[in-house]
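For reference, the structure I am asking about is given below.
Chain IDs A, B, C, D and E follow the sequence of writing; residue 1 opens each chain.
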């Protein structure tokens, strides 16, 4: 009897500890967001969004940074989206379960685990040095595309995997070819999931600073980039730059820029979650 | 073409999933415009055999067959056979209704569309004809452009049959077509099978022996990859020759 | 028709093959520069010297201080994230209502979506001053607050992956345990955690690999001073920070200094590569235990 | 064409100018570039911070138009420039006093001699001089945390030259950054810190830092407008420069920018915390540049 | 205690998964030391009902019951009942054999260990006794410290029964305990049930009507959450009172 009571007590104790642990992360998150909002929100106004960088914290804005982020977002999507989906489709629908497919799978898992800064080194050597492109938007986008490609591939595969076998069987049984089945059934049915994955990947790209620093994108860029061959800066780099300044006014700027960056990240994630939920509601297999 | 000839025939058929020997030396000949039922305990190879009949297992890695399957006396595994053509000849219906997540109309005409047929009128006519054949027309004619997923399970299954009929096959394979359905839908599908066997050769896998008794002309009993017994359904259920058949039919296992 | 199918398949194949090309490029880039580096600096020096001052007149090429810095921040991060993450995973699986779980899990995952510069900012401007209020000797740049914040960042990684692993344990096992009269705690630690141990291990390894490669948090908050120490209170430098530091100044292509970042990168790559493959191997080996 | 005709205004000038180099000069150039935007909005001026050494390397390879420098070009850099067919002009833009700083709570380091600085920064100090009392016995027995300019910087070269006696020679176990902000950040949050960087960075963060007077034999002297200008803050006073490449002056926007720079450098240098040169010196610089520009133009035409 | 008294009794029992009404006003009394079988088509609530008998559904979100379940005349849903004590009284065996990924020995004594029993000798004795009861002792006595996962499916299932017996329950619930097993293992388990009913009250869910006929004393037929018919097994199979029972037993659906 005592044993059984002791067991129940331990059980309760762990429950309390579990609640504590679950909330500690969220509490930290909350403190953190509140802190940043208090610090930065008053700094955000139209001028802040439309001003170029300045040596005076009060006059400095994030126009270059957010336009750069937007450019990077679009360019990376254009590069990683088709490539990632095509690779995902190949691996899920076409590749035979051979050694080669195993190798591809391990390889992609590995790429997904390569630290982002290594992609920076790759971009530096390949695009900046070898191809002589310089630290321009296109190079940043290429570097980040390579970085998020594995994520896009993996999520594409999961989305495709979620399409039930029976749908493919149904299509094949009516005489459809492999590509017809993929095109008419698999892709439409998994599109929501794929899009979700791509957006999540992009939200990762939007937050990256390290690889861009390595390719040399840390500079005073007081103009809005007009083409992929322009030099650029992005929000995380602007934040990094301001964070490393000791003056309080720049830290306020950094906090304000962080709010914008978080809004973009959360927005992207929100869209992804929304799409995922809608997808789950819409199609019940 | 006279009735009661052999539409489909397996000769010394072996099938493997990788190293696993799933079908062992199957010899069987199925009659035209009749219903043949496959029965047997779970995992005995019924579905595997059924799916070799329209080469549905082609895309499974490591799957291979030895021996022959003759459709109208032509080996369907011969190298000059185009799988898509074969599948137009041999339609298939699955255990779980699997309508595409598209409209009812799109479901029925899918097979035609991927053949490149674009003629609106023809598509509409075929759609109506197939839905009438499956006694679904009256139930869905007002919502052809609604999602097929909104139909009930029984309706979905009949839609899948209609979809198969739309490309005018001569053989229809059915893998436990009623096992996910309620009694009333089951009865409807069974009636439908009765209707359809005038025009089509039907092969049905079922785990419900009473169903096999009700709908089929011939029954094949599989056990562990072997075809244990194949005979007229009546004979099989009244006087099985093999002890394992007997045990299975009387519910000693399964 | 046939031809078209072939062409499409070819294109798809090409896209998949690009991933191999990326790997090859990474290895080639790192190797070609590192090989030149090691032709000037012996591997023995690289691995055994205790100081890292490749940019100075008196050059020392011992990677150990950077490895120590990396190890220190990673260890602190894991010490924070593992107990919390694992407890969360167990709690969500065995105790929490399903509804609660569906709300909490994505909320926790928010932690992982926050850009790491933001964490760096947080470590430098909030956590360090807070810690300094009761650790007097704490320097403004230090491994401790960078490690703690990094730990917070990877909590969801451990909790989510471990949670997945635990919920992948067949329901029947849990039911068996309950059916014998186990409490939830006994079910969790007696049956579920052991059964999911490979998945949990994988989550921890991936978290380590993530922490090892993490850059911005340490670059902002941990300092830039290569120092062979396990003291978490002073400025240190990680491998990643070194690469960032050098990239920020211009190091001319082709110089020995330029190559040091590739040698450092190679070291980093080898670490994470080994960790990733280890996790992959464990997953492959033990995943099929249950279907 | 030559730059001469565009001198009078040139609001419609467009193009891009790439500048890189010294972090010490950066605040001045940044300020000029920012103000210049109002003058010529279509000229894209990018300013990087690679340190004088880093900037010089890019400059001598012809990758950038202008380099910020906190020391003069050295021989090997000059040689590379020559190899690449680049000639250049050196323009002085301001004075700086390299400032030695500690944490404001530091109540022991009231002054420091050049010899003591040498003792803690020379290469032999690495790993051995690690505590305050090793430098001066009455200072506390506590760890010393050093912060200083990165090796690519002119500040580093200048400091090592002036203190250790040999350029580019120092210990390596300190927090080294090309970004002086990081150093300010580090010293201002570390009670055991000692660091050095350009005067502007001290000036801007006075409330968080404490400068220590440097004793060069004539008693401790703090850096300030006067002591730098009159040379009594020795040996850490120095001039800051721009180098403009002969290839770049062919472009009107570069000429326009440099003229604007020299016009406003005095005021802006003061604003960001440096010491302006006398007006006549700026005029000399202008003439020097004009000569160079015309010279380069004829050279280019040939 | 005389035999043939009511061991377990459900009174006006309703059960819900959220809004879904899974069991509708069930009234049934199960006899001690006898085998009661639950039959009915898939989804009719057999498992749900079985699991309310040892409150296994407690942890399912949104699941709730109304009405009473009496074990030896005490309501098991009363607030003073401790679930872990209840489960020691009412053991359970599942559809798929679910040994823990531990040794055979550890599996059998798991229930004792979590009660805090550490006495090696006692553990060993109970282990042997339980394994003997399930006729498994001779097959596994030499590999008690080997992983239970290495056993065959049938052995695993008997191990799970042994594991349940080791904590000496008075009732054993079995949810389709043979549906994943081969005919020979099935026969062994059925024999075992015959043996065990001397000592235990056994309640078994099965989809195999012949099995119900072979092993049970009483049979309950569920349909769509209702208890349609409950009577002596012989009576049920020879002269069912309800038309739906009749239809189900003769295989009109299911």
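In the analysis below, a residue touches a chain if its C-beta (ideal position, glycine included) is under 8 Å from a C-beta of that chain, and two chains touch if they have at least 3 such contacts.
In UniProt terms, the chains line up like this: A = Phosphate transport system permease protein PstA; B, E = Phosphate ABC transporter ATP-binding protein, PhoT family; C = Phosphate transport system permease protein.
Keep in mind the model is a prediction, meaning the values are calculated, not measured.
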Chain D reached from chain C - shortest hop count over touching chains: 1
C-E compared against A-C, more contacting pairs: A-C
Far-end chain from chain E, centres as C-alpha averages: D
Longest centre-to-centre distance from chain C, chain (CA-based): B
Computed distance of Cα centres, chain D from chain B, in Å: 84
CA centroid of chain A to CA centroid of chain E, Å: 50
Distance between the centres, which are taken as Cα means, of chain E and chain B, whole angstrom: 37
Two or more partner chains touched - positions in chain C: 124, 183, 186, 248, 250
Sequence positions of chain A contacting 2 or more other chains: 7-8, 177-178, 218, 244
Per-residue overlap in chain E, given as positions that touch at least 2 other chains: 84-85, 114-115
Pairs of chains, among all present, that meet the touch criterion: A-B, A-C, A-D, A-E, B-E, C-D, C-E
Complex contacts: residues of chain E adjacent to chain B: 41, 182-183, 186-187, 208-211, 213, 247, 250-254
Sites on chain B touched by chain A in the complex: 54, 56, 59, 61-62, 84-85, 87-88, 91-92, 94, 96, 98-101, 110-111, 114-115, 149, 160, 163-164, 167
Touching residues on chain A, where the partner in the complex is chain C: 7-8, 10-11, 14-15, 17-19, 21-22, 24-26, 28-29, 31-32, 35-36, 82-84, 86-87, 89-91, 94-95, 103-104, 106-111, 113-122, 124-126, 129, 146, 149-150, 153, 177-179, 203-204, 206-210, 213-216, 218, 236, 239-240, 243-244, 251, 254-255, 258, 261-262, 265-266, 269, 273
Residue ranges of chain A touching chain B (in the complex, touch as defined): 96-97, 164, 166-167, 169-178, 180, 184-185, 188-189, 283-284
Contact set on chain D toward chain C in their complex: 20, 48-51, 53-55, 57-58, 61, 123, 126-127, 143, 145, 150-153, 166, 168-179, 182, 185-186, 188-193
